[in-house]
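Next come two complexes built around chain A: one with chain B, the other with chain C.
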Partner chain A sequence: MSYFMIIRRESLVAFRNRHEALSPLLFFFLVCLLFPLAVGSSSKILDDISSGIIWTAILLATLMSLTHLFRKEYDDGTLELMMLSHHSLAVLVMIKLAAHWIINILPLIVLAPFIASALGMDLHIQGALLLTLFLGTPSLILIGATVATLTLVIPQNGMLLALLVLPLYVPVLIFGTSAVDAAASGLPTAGPLYMMAAILILSLTLTPFAIVSALKIGISQ
Partner chain B sequence: MLLEVKQISCSRNYRSLFNDLSFNIESGQLLLVEGKNGCGKSTLLRILSGLRQPDTGTIHWNNSEIKQASKHYSQQLVWLGHRNGINESLTAKENLQIAASFIKSKVSNIGYILKRVGLKPYANTPVRQFSAGMKRRLALARLLLNNAILWILDEPQSALDKTGITLLEGMIEQHVRNGGMVIMSSHHDINFKSIPLGRLAL
Partner chain C sequence: MMKWLHTMASSAWFYRFAARIVPWLTTLFVLLFLYGLYGGLITAPADYQQGDAFRIIYIHVPAAWMSLFIYVVMAIYGIIALVWRIKLAEVLLISSAPIGAAFTLLALVTGSLWGKPMWGTWWSWDARLTSELLLLFLYLGVLGLYAAIEDKRVASKAISVLTLVGVVNIPIIHYSVKWWNTLHQGSTVTLTDKPSMQIDMLIPLLVMAVAFKVYYAISLLIRAKAELIEREPNSKWVRKVIEEDNNE
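Right, the complex of A and B next:
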């Protein structure tokens, strides 16, 4: 019952601040739209780089959404209530991150096949792309949230966050695009997909503890 | 019920705030923490609530030591800090429902609680439209959500008008007379006729 209330809170807050979820979506859309204009619409070039465009744009859009993760809760004192709540902080954090993924990232994944079609990507490659996005973006959120909570006490943490997070995103990006490339050249995609699943399981099991510790450090300032 | 503070000390930015501070507080007692700005009142209250750890020393609740944000202790207390813990895009009622769900409290009497703090007509108004005093009243409403024994209030009067302060004093008096404990900091004069007042000067 009370977990349901917390999920309801996240969706209500997100719904009343719709514009916040809209900006990563718009960013993703515009970046993917500008690439064909910049590199030319010849299908040879776009075939080679479309998976890279989509993955890079999603990665940067995720990064954008991270700057306001926990920020409002920290500023208005809700984080103190979460800390002193009778629930496990790790569970509250995971609910919040799941809501964040659904509200900010899921729309991007829904939009991705349309963009992929517009960039001329074949249907069977799109399947592989979607699979990598579903496996990869939760890892991006979990890893990013760890760094976002560590930098929470710094008021304008956007640049620092980007500098710290992007190197940690590189493995996900490499395995994500290489799986799509393998699918495009008719090779088995299992290898990179297994690696992405391993990263996801590692981040699912390890980051909650890191996030809780980082929040405790942040709140005691 | 007994809260024992044993020789705690704390420093901030290489400046010592307090050293070897020890005191006890029992059920039915009110402790007022006094001192000038920047002397560490808020830091002390954050330590007592378990949000922060002292540099040295220990705090015991009913003879068991508390650590940062330990559940068995945080279930006994309500914390009201400088920040109200209110989300501006939610209504007064929604904010209280959330606060209740954080502490696993029943949410049946929210209408009554809002009436008690004088916000009944604004139950479905987004908090963004509230004045600072109304937000503070909504934060005070959190004190009534469950039967926590210990209230830790950091300058609870801030932004409240005269009737708000009277309301707060009434709530504190009733709580202490019912066997609760209150630790609060304040810059204002407070008058409690019916309950004893302990003072701690930092």
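Right, the complex of A and C next:
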């Protein structure tokens, strides 16, 4: 039952701090808005780079949301209680990350088709885009959470987190955009999608251990 | 108490060992390096396509090999540090990082210098170049994380985990970048299908590769010595080895 309690608690906390939960969404929206302003409103250019714009913005918004992942729990001692509980810490962490994904990333995925339409992306390509987002963003959260946990002991970890996380995001970005581009040029998208699924399975199985050991390092201090 | 004694002993032992072996390694390095340079710059024939410009390979390729080699070695130190909690492995891990970053930078810079006359551009988004650049950021990340955490024991554990995360990701990054490049455009220049090297070109290259490895060992030992002292400035063994040094 307590697994469900974590999701409930996370949602409640997010609902009470609505402005905080909204910030990745607004950030995502604004980054997407910057591109047409920067490269010009020519529909050809925007159409060519729309998948790149959305994926880059998702990457940055995920990064933003990670800076406060585990931060409050670390400061107020919730993490210690989670570690002391008789449940497996890895499972608790995974549920917390699932809640984080639902609260911070799911709204972005919901918003993405609207932005994609505004950038001139065709409907059938948007299906591929949504598929890549659903396959890719959980990996982003898992990989990012591993690194974010390592930087918990550093009070202002924003810039460092970007330096540590973004190189590790490259594979997801490449496969995500190439699947959308393949769909746009009428090619089969299965290859990159399978690769993304493989990355997701790899992160689902490996990162819990890394996150738990990183949490133990952070708490031991 | 026993554990404490053990670590103290091993720090002191390592320090003395490093101090003794560095002069020998330096001699070996100078000999290998001079031989490699002489072989590469003078006795090896000029390339039939690239002329004398290809000779930068004697710095570029060993540096690129070292950049990957050191990261893998760091991951091994990371495992040792996390599993057996050996302090020395932590010291060796953090001492390796700046050397690896320097080799990566050297490979990038020499590659860029080589690329200008050969490909007509300082930089191309070739798969190898891009993944080498990402490797540089992985090194900088390790250095940045270590510098940002004040308690160095905690910092060492954190970078051990980070290095392991990185080493799992390196092949994925490399192949995804490779795939990205071939998907978007056929690579105009690849380094892979160069003509197989002549033997008198190859031998200096291998000698240089060994020389670079010896250089890494020297640099690592000197850095590790300094790091050991920095971590335990007030311990007895440091006072003892410094007294020994002064008496010599």
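Keep in mind that, in the parts below, the second predicted complex is superposed on the first by the 221 of 221 C-alpha atoms of A that agree within 3 Å, B and C clash if a C-alpha of one lies under 4 Å from a C-alpha of the other, contacts with A are read in each partner's own complex, and residues count from 1 in each chain.
In this text, a contact is a pair of C-beta atoms (placed from the backbone, for glycine too) under 8 Å apart; a residue touches a chain by one contact, two chains touch by 3 or more.
Just so it is clear, the model here is predicted, and its values are computed rather than measured.
Participant: Quick one: is A:122 in contact with chain B, with chain C, with both, or with neither? Answer first, second, both or neither.
Facilitator: neither
Participant: Return first, second, both or neither, reflecting whether A:87 touches chain B, chain C, both chains, or no partner chain.
Facilitator: In the superposition, A:87 contacts chain B only.
Participant: Looking at A:220 after the superposition, I want to know if it touches chain B, chain C, both of them or none. Which is it: first, second, both, neither?
Facilitator: A:220 contacts both chain B and chain C.
Participant: Kindly classify A:16 by the partners it touches after superposition: chain B alone (first), chain C alone (second), both, or neither?
Facilitator: A:16: touches chain B, not chain C.
Participant: Return first, second, both or neither, reflecting whether A:78 touches chain B, chain C, both chains, or no partner chain.
Facilitator: first
Participant: After the superposition on A, what does A:206 contact: first (chain B), second (chain C), both or neither?
Facilitator: second
Participant: So, does A:48 touch the first partner chain B, the second partner chain C, both, or neither?
Facilitator: Neither: A:48 stays clear of chain B and chain C.
Participant: List the residues of chain A that touch chain B in one complex and chain C in the other.
Facilitator: In the superposed arrangement, which is not itself an observed complex, chain A uses residues 220 for both chain B and chain C.
Participant: Please name which positions on chain A make contact with chain B in the complex.
Facilitator: 1-2, 5-6, 9, 12-13, 16-17, 72, 75-78, 80-87, 89, 216, 219-220
Participant: Hey, which residues of chain C end up touching chain A in the complex?
Facilitator: That would be residues 82, 134, 137-138, 140-141, 144-145, 148-149, 151, 154, 157-158, 161-162, 164-166, 168-169, 172-173, 176-177, 179-180, 183 of chain C.
Participant: For the complex, give me every residue of chain B touching chain A.
Facilitator: 46, 49-53, 68-69, 71, 74-75, 77, 79, 81-90, 94, 97-104, 107, 126
Participant: Within the complex, which stretch of chain A touches chain C?
Facilitator: 143, 146-147, 150-151, 153-154, 157, 160, 163-164, 166-168, 170-171, 174-175, 178, 181, 195, 199, 202, 206, 210, 213-214, 217-218, 220-221
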